[in-house]
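Look for chain A in each of the two complexes below; its partner is chain B in the first and chain C in the second.
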Partner chain A sequence: MAKVIVVTSGKGGVGKTTTAANLGAGLALLGRKVCLIDADIGLRNLDVVLGLENRIVYDLTDVVEGNCRLRQALIKDKRTDNLFLLPAAQTKEKDAVSPEQMLKLTEELREECEYIFVDCPAGIESGFKNAIAGSDEAIIVTTPEIAAVRDADRIIGLLEAAGLYDPRLIINRIRPQMVRQGDMMGIDDIIEILAIELLGIVPDDEDIIVSTNRGEPVVLDRRSQAGQAYNNIVRRLEGIDVPLMTLEEDGWLTRVKKAIMGRS
Partner chain B sequence: MLWLDPHAEFDDVFNQLQEKLAVSKDFWQGVTVVLKQTERECCPKEKAQLEKLMGEFGMALKEHVADNPSSRMKTTREVDRDYALIVRRTLRSGQRVHHEGSVVVLGDVNPGAEVVAGGDIVVLGTLRGIAHAGALGEETAVVMALKLLPTQLRIAHFISRAPDHQDAPEPQGPEIARIRNNLITIHSYGP
Partner chain C sequence: MDFLKQLWNRDAYSSKDIAKERLRLVLVHDRVNVSPNLLEALKEDLIEVISKYMEIEETGFEVNLDKSDNQVALSANIPVKRMKRAIASTDKG
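Entry: the complex of A and B
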């Protein structure tokens, strides 16, 4: 059964697009057939992160408006055979796609792929509602900042109201050093408030910026820590039990472990 | 429930009611008011006046012809604190519960969430958001939580907020907040 997973956060700039790109590329590398939908209409950048910008002819809006067939709009990744992107229109309004259209689209894609990720726009307005319409699972991305966690909490409530239960959490841009010094919210503090399953943690890593600019998802780079982190998350999505990665500071790691164990 | 005192002038009752309502405006949103006419009947003009007032506060007026003439006469309804609403989930940021009686939350009240009750508030979890007990003026109302870390606490018209420095000690067990000497005070609660 194909899974449609929306990647969402409430707050902007926390790493939704980065996460969608890396989970998609990682799963494709494992042989899964994956489609990424860029639902951030008007602010698309999933194509840039994947280095596929120059291949766009049709977009999501063209498909729902019937200007082209779904297959025509899907862009095949240049590195892996089984990763596809349905790009967002850059020139349209956020609610150019209705929830019904989104649902129909994801149903059609279920026939083609095993995993479908929807890269959700920030905010809680129509763009968010349209993006989640066809999804049966949600991944919440947050950073260890109070405002981001607050927005994540709000999103979890809204997802529940829309019938999407038990979202899973990725905490992005962790800086072990800062957590250790007590200058950044710890993983256990975040889990205590949000009380949802932790799918993984991703360190703050320059490699992400470098890879984003190069259009190469960091998950393809085996030597990078962030790449490793995304790889672990990919395998957890596949049902493999992967322990949390060690990020030198062991005091920090034990706290993380405690947070995960305590809630599962 | 709204009882009309049979001996009072309608205009006095009306003005008094208006004042009471204005004190806690938001609280009344969506409330249905039952007009109980025991020994006092409203004429249609009075009824229309009441209806308009209720409308201004987002309430609906329903009529109820009395069955029990010995029922107490009240110009405003009395809050029944023993009548509690049970909330069986965690209230997340942006979610708000209000109830004219007491509220019991079986879960947490997260930062950005709000509970407003005419009576007491009991949180069987961590209270990090805003709680307003005795929202209709009941100063003996209390707020209790297994872990009391609110952003802001209100009881009747008293307000207190969390300390600005974040490293205040965490509570070691259940706590109760109530008004003592015109201040909201917090005590540990338990055997």
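Entry: the complex of A and C
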């Protein structure tokens, strides 16, 4: 039975697209057939995060409008056999697609794939409504900042109102050092406030920037902390009980360096 | 001295705690705004409970959330018409 999972956050820039790309790539590595839908019409980005920007011929709007068949628009990933991308249109308006059309599209994709991730645009307007229209489950991405957590709370309410219950949370860009110093909300603080199930945590890791520069999901890089974090989340989605990773802090040398740089 | 003071303050009330407290307050309001039905439902439940003990004027019944600097208070304005003479049963086994 295929699952359609929307990756959403309310606030922009918290890591929805990176999360969708990494969960998709990670599940594909485990042999699952996965499709990623970029629902951010007009501001597509999932293609560049996956390094597939040069292969786009048709997009989501083309499929919905009947300009091509669904299979023609699906782009196969470079590195993994079972990963496909349905890119967003870059030149169309957000309301070029309706929730009914999105529902129909996801139903059609269920025939093809085991996991379908919908990368939701920021905001709570039509793009959000489209993205959740065909979804059975929701993953909320947040960062340990007031604005991101506040928006996450609002999204939880809107998802419930739309009949999508029990979303799961990914806390992104945690900086263990700052949490320890009392200058960043920790996992427990955020879970206490939002009162939803924690799916995973991802440390703030420079490897993500490097891998995004290259157009390769960080989950493929097993040496990186963020890659491991995404891999843990992927296995949890598969129903495996994986303990939360312990976040490594900087070594003493790096700490001294940062302290000196910070004071100067 | 100022430096020491800063260090001390930081330990006493970290910026994380400030963030959490601000978030808690802002969410009380956000959540009510997301579901305007919530206060209405609360009002109906309150009427039901209070009516066991006294007769109240339902039309003048007001429930609000008042926000001041660092707390949110639930306030209710409930016009009482008359008290009931005795409470039927106070023991609830």
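By our rule, the second predicted complex is superposed on the first by the 248 of 264 C-alpha atoms of A that agree within 3 Å, B and C clash if a C-alpha of one lies under 4 Å from a C-alpha of the other, contacts with A are read in each partner's own complex, and residues count from 1 in each chain.
Here is the rule we go by: a contact is a pair of C-beta atoms (placed from the backbone, for glycine too) under 8 Å apart; a residue touches a chain by one contact, two chains touch by 3 or more.
The structure presented is a predicted model; accordingly, all values stated were derived computationally and were not measured.
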>> Between chain B and chain C, whom does A:M184 touch in the aligned arrangement: first, second, both, or neither?
In response: second
> Once the shared chain is lined up, is A:A195 touching chain B (first), chain C (second), both, or neither of them?
Replying inline: first
> Between chain B (first) and chain C (second), which, if any, makes contact with A:I209: first, second, both or neither?
Replying inline: neither
>> With both complexes overlaid on chain A, does A:C68 touch chain B (first), chain C (second), both or neither?
In response: neither
> Of the partners chain B and chain C, which touch A:R150 in the superposed model: first, second, both, neither?
Replying inline: both
> Touching A:V242 in the superposition: chain B (first), chain C (second), both, neither?
Replying inline: neither
> Who touches more of chain A, chain B or chain C?
Replying inline: C
>> Based on the A-chain superposition described above, do chain B and chain C contact any of the same residues on chain A, and if so which?
In response: 146, 150, 153-154, 157-158, 193
>> Looking at the complex, which residues from chain C come into contact with chain A?
In response: 10-11, 14-17, 19-20, 22-24, 26-27, 30-31, 34-35
>> Using the touch definition from the top, list the residues of chain A that touch chain C in their complex.
In response: 145-146, 149-150, 153-154, 157-158, 161, 179, 181-186, 189, 193
> Which of the residues in chain A end up touching chain B in this complex?
Replying inline: 146, 150-151, 153-154, 156-158, 192-193, 195
> What part of chain B is in contact with chain A in the complex they form?
Replying inline: 90, 92-95, 108, 110-112, 126, 128
